[in-house]
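Lettered A, B, C and D in written order, each chain numbered from 1.
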Amino acid sequence: MHVGPVTIDYDVLIEGMKGDVGFTSKEFVDAFQYSLKSLRKIMGAQENSQPFIIPGGGTSAMESVTSLLRKDDKILVISNGVFGDRWEKILSRYPVHVKTIRAKPGDYVTPDDIEKEVSKEHYNMVTMTHVETSTGIREPIYEVSKKIRNYVDLIVVDGVSSVSAEEVKMDNIDVFLTASQKAIGTPPGAGLLVLSENAVSRLSDNSIAGYYLNLKNWIDVMKSMEEGRAAYFSTLPVHLILMITKAFKLIEKEGIENRIRRHEKVAAAIRTGIEGMGLSIVAKHPEAYSNTVTGVIVNKVNPSEVLKEIVNEGIELAPGVHPDLAGKYFRIGHMGWVNENDAISTIAALERVLSRLGEPIRLGEGVRSTQLYLSKGNISNL
Amino acid sequence: MHVGPVTIDYDVLIEGMKGDVGFTSKEFVDAFQYSLKSLRKIMGAQENSQPFIIPGGGTSAMESVTSLLRKDDKILVISNGVFGDRWEKILSRYPVHVKTIRAKPGDYVTPDDIEKEVSKEHYNMVTMTHVETSTGIREPIYEVSKKIRNYVDLIVVDGVSSVSAEEVKMDNIDVFLTASQKAIGTPPGAGLLVLSENAVSRLSDNSIAGYYLNLKNWIDVMKSMEEGRAAYFSTLPVHLILMITKAFKLIEKEGIENRIRRHEKVAAAIRTGIEGMGLSIVAKHPEAYSNTVTGVIVNKVNPSEVLKEIVNEGIELAPGVHPDLAGKYFRIGHMGWVNENDAISTIAALERVLSRLGEPIRLGEGVRSTQLYLSKGNISNL
Amino acid sequence: MHVGPVTIDYDVLIEGMKGDVGFTSKEFVDAFQYSLKSLRKIMGAQENSQPFIIPGGGTSAMESVTSLLRKDDKILVISNGVFGDRWEKILSRYPVHVKTIRAKPGDYVTPDDIEKEVSKEHYNMVTMTHVETSTGIREPIYEVSKKIRNYVDLIVVDGVSSVSAEEVKMDNIDVFLTASQKAIGTPPGAGLLVLSENAVSRLSDNSIAGYYLNLKNWIDVMKSMEEGRAAYFSTLPVHLILMITKAFKLIEKEGIENRIRRHEKVAAAIRTGIEGMGLSIVAKHPEAYSNTVTGVIVNKVNPSEVLKEIVNEGIELAPGVHPDLAGKYFRIGHMGWVNENDAISTIAALERVLSRLGEPIRLGEGVRSTQLYLSKGNISNL
Amino acid sequence: MHVGPVTIDYDVLIEGMKGDVGFTSKEFVDAFQYSLKSLRKIMGAQENSQPFIIPGGGTSAMESVTSLLRKDDKILVISNGVFGDRWEKILSRYPVHVKTIRAKPGDYVTPDDIEKEVSKEHYNMVTMTHVETSTGIREPIYEVSKKIRNYVDLIVVDGVSSVSAEEVKMDNIDVFLTASQKAIGTPPGAGLLVLSENAVSRLSDNSIAGYYLNLKNWIDVMKSMEEGRAAYFSTLPVHLILMITKAFKLIEKEGIENRIRRHEKVAAAIRTGIEGMGLSIVAKHPEAYSNTVTGVIVNKVNPSEVLKEIVNEGIELAPGVHPDLAGKYFRIGHMGWVNENDAISTIAALERVLSRLGEPIRLGEGVRSTQLYLSKGNISNL
């Protein structure tokens, strides 16, 4: 129950057990083709959009949007926490102008505040974080995008903790990106992103981007591979891409709608359990609850003690990393192949550990609440 | 017998079969610590040097030397082929001045020519390619380094096709880099490099580097991991690093000296077979023969036909990619876990295929030459 | 949560990933040596006892005791269900005299009844089933053995569903046997047994046994392998033995005492949950509850419907196979690497499924009881 | 290049990487169904024949023919070596009458000698060994079967070292058996056999067979599984059967005819090399050369020294185990996924080792002969 890297299915890992597969082999090209087409579907993108799977991770995928920027461009960064702030850190290395709007801890930057800013000044790019991994807060990206579409050139969304677990679609969005080690459920090592037709048209030799993370250098490889022909710019993570292909097949088998609903249900079951035992959640507003990460505030015990103890119960949670809430919370990740059994046993283990450590909770009530929630069988009944 | 990605031992692949290992787990931190220390040894570097293992590959490792450069720095690129030229392409994306000296096909840039250039003008950095993968030509990097050490600030060597197969030491060299999918024998997905103390001292916030490939951002993670404490900048390719650790253990078990000698012997056995059947080699000068890649010139047949046919004999070779020699040669890779059996069966299969396709060769003489070479048992007897 | 084959740890499965390991290789001989020594310890046997790991499974291990019998020997079979009856079926193929004492469903044959029988007539062998897999009933084998030791030549225990999960020791017992796919947690394919010194002394060329299952033919292989020297009678399941070795290492790491206590705790937590939701257990007498299998009686629903439905909750249970209780119960297996999270999520899923199917249970009370039981943390507190 | 267990393809091993597959799961039942149908085809058997895959190996499969015998039956054993003699050892444990005809070392029992014996006396069963693993001698089983069909009730062939590498068909043959660890290329742990309609009709409760190896107990499981319904007699080696299924798919992909031809070509290439270097073969008559095992006679060196040395060349051979030829020969196994590269590198390594140890051979001539043989490309040209 970590926020990532998540638990990986062995059927996915096994797919990478190849001693001799090269980047020009039919096996690999077929797999890559499938993965690129799947990625477009999972991102809810249009046929004329361009998917990319490149070595690296979430941060390198974020930095690759420099391929769309030119010297002196203006970028508005919307930040609800640590990974929102990362956009600012990346872009500060380049000759562009960055302004950041920051939410208070537990809050999110509202669509209205964003609209207000973009209506005052022209921005070439706005970046948002769909689910802020550091706190579990979800930004209403579709509402924002609709409001600001006509003001800005490019809308970029970091979907590292959302893709394949939250509703994802590229209406009004130009770049949606994620990383292999999150809800997709593969090992770390790749960034995955899709560019809208609008974004593709802005790729240029005159961008501020470097060489390796320059999507202009990768686009022909992606196009060629999607058409079933091997191509080379720099060596691809062949084995990881075979695993991503398998993960995408498992996602297709489950159905992306079912998958999102499963995440939604597990997330709600966990929150119900947390509240049932008497604790509260970092995200202040229910509309900002995410399907993938829940921050839990503790009152008496040290959250790092909780993490240490619960490992002995066979469950791994993640520390709270938002500097303003340091020492006050921990995070439960619920993405990838999590299910109802994980929800119930996480809540049960958490109750036992918290109770043992002296946090005042209602022992047995958390697990009972989660069970009653789950026994309704269907989220719409709630 | 490809030039990379090479065949991977299943014991290495198996090491990555972990469903649940996180980047803060003791298992991973121990593995990373071991890998960093091993890398320093394999590179023949001093204790005060700094090893890095970062997501990406050879190209990203090359680009990461921008962390050592400032605006308007002058760089001299020594190019014996496609991957030498890549330095120029990378650096042209940055605000620095680049001059390239290029060898003619089959030749290498001589130490004297390089010395002449650096004595004329001050360069902040000189880059060389130890073994040029596109042709199999080895640059005499140690002789060059000795000659130019006092003229230049930083000497950088691309050892992508040499590390763990050729003699590697960091005397007079500031950055030595490689990639995971070459002679080390792991899947693609990581760049590995070591910086000398001199190089480390030039890391600065004012470099021209971006964010993800900026070694300044990674150095604290590397230091902390080597000391056995988890640290985070951006998610590491956890599974791949576990595999690299295993590969380094296998290399240590073999002994780096033995490993280099094995590559040397297999390479010589293959060249003996090639000449025995009556063909010639791309590298014109014996001192530039490499332990890892041999370019073979054919006279009558189409090299791409050879590659297609020999796959049916269970052996994969690589195309010739140097533009000036297009259609005239193919490449044999002999790196990783290649041995004498691979040498003999590659030469035998090549003879059968070439003979079938109509290339005029001495059938049976190549394999007999290789066998006689090998039966002397010891390279020093030749 | 099946009664076997149980869920297997991937670290165990990975151990069998060897393309080239032969039965004379040092790697294999070392592993086999370790396994034989471990088996002796896990069985609580003395140094002069003889461990065997032979191809097959529980049934072949049972049949191999014919190696200790001669024509016209008398055997008393103690049967609490299907697998007790199996002794009778096996022995009926041989020229010996068999008498069977059978318990009523839910009961076990008492030590007094057994003593009464053996005191009336001399038996060469008595066979018992430690935990009867078909019902989950545990026979008090140590009490029986003590009582009958002086009456009979050989006491044989089928520990297929007990070894490494219940207390196992060979005091007063001559043969203790199990199979690889049960609580040890490896794939099916081997029978494992230990013979006391007394039993070994009865191995003879004049036994009624055939050839392949004749322990006389295997004993020299076992002795030689335990001494570190390869030996051959018939090909051993090399890969499976490597996996058994790993499983034994994991068991040693956990500690056999801890392992038994873990099974005891999980079993008790599950029974508490079953009773908490208002259902009853097949075994009538608490002293016959086992650590590994629990039969659950349902009143209204069809048990095969429960099994079918609960698979959709990600949990697999086993059908009730005792002919006298057909259609009235199902079985929960709790052996191998089961833990507290499995207990709570099995009870929770069972509640949801039973409630959905219309069985009258107290929804939420089973899971709460299990949680309260577990939160006491320590079985001795109960 | 061992005579078994042979090298196993990792794609086969990977198929067994399942943590949770039960013997009633659809995945397993489908796989078993496929394997049984494939086995029938690979054995060249008729539709009304009955395939069996049972735990154990070659010896247990041999012993299972007791299911077809009754007290006082007469069996004629045809023995060309150690594994022919094994039939006698097995059957001597049962109340039947056995007569053995033995060939001299290097020879085989001729069809005429067998016909002479069966025409003198009625035998219920004749057993033959298709390829005698201890010497590499092939019995002309089809000629024998034709000659003796009308004299005897049952003709049984041990195809342990022939099935999937020699021509196998069940015309005039009642039982054809093999083991998983030989030319099929899976780990040891199962015996595989097919019974003709005639053989099936002789299965009876009154056979001399015991319980576990009694095909009467297994036949309903085999029938049910082939029809796609799970059935239980005793736990099957689930993981191994998944691997056998994969191996059968690879065999089907190659084509059984191509596979036999490949074995034939590699065997001939190896024999050509052996003779080219000046050594001779155990089998005296070319018509008794086998596709799978070649015994090589050495004149001066100790064969066990050869085996020890050649391991350092990365090649494993097998010792000579025929007691009459002890210390005079070693064996090369060439079954499973062996190819032309294995042939050439085995001959080359053998030359180097023998030459080093002082055996008088023509160095370079063996490998040249093998290469010239292979370069003819097609066995029919020879």
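We take it that a contact is a pair of C-beta atoms (placed from the backbone, for glycine too) under 8 Å apart; a residue touches a chain by one contact, two chains touch by 3 or more.
As the structure is a prediction and not an experimental result, all values here were calculated from the model.
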Co-neighbours of chain D and chain C - touch as defined: A, B
Greatest separation from chain C - chain, by CA centre: B
Centre-to-centre distance between chain D and chain B (centres being mean Cα positions), rounded to whole Å: 46
Distance from the mean Cα position of chain C to that of chain B, given in whole angstrom: 55
Whole-Å gap separating chain A and chain B, where each centre is the average of the chain's CA atoms: 35
Junction residues of chain B, two or more chains touched: 10, 14, 17, 19
List of chain B residues in touch with chain A within their complex: 2, 4-5, 7-10, 13-14, 16-23, 55-60, 63, 66, 89-90, 93-94, 179, 181, 187-189, 209-214, 234-240, 316
Interface residues, chain C side, partner chain B - complex: 10, 14, 17, 19
Chain A-facing residues of chain C, complex: 10, 313-315, 339-342, 344-345, 348-349, 351-352, 355-356, 363-364, 367-368, 371-372, 374-375, 377
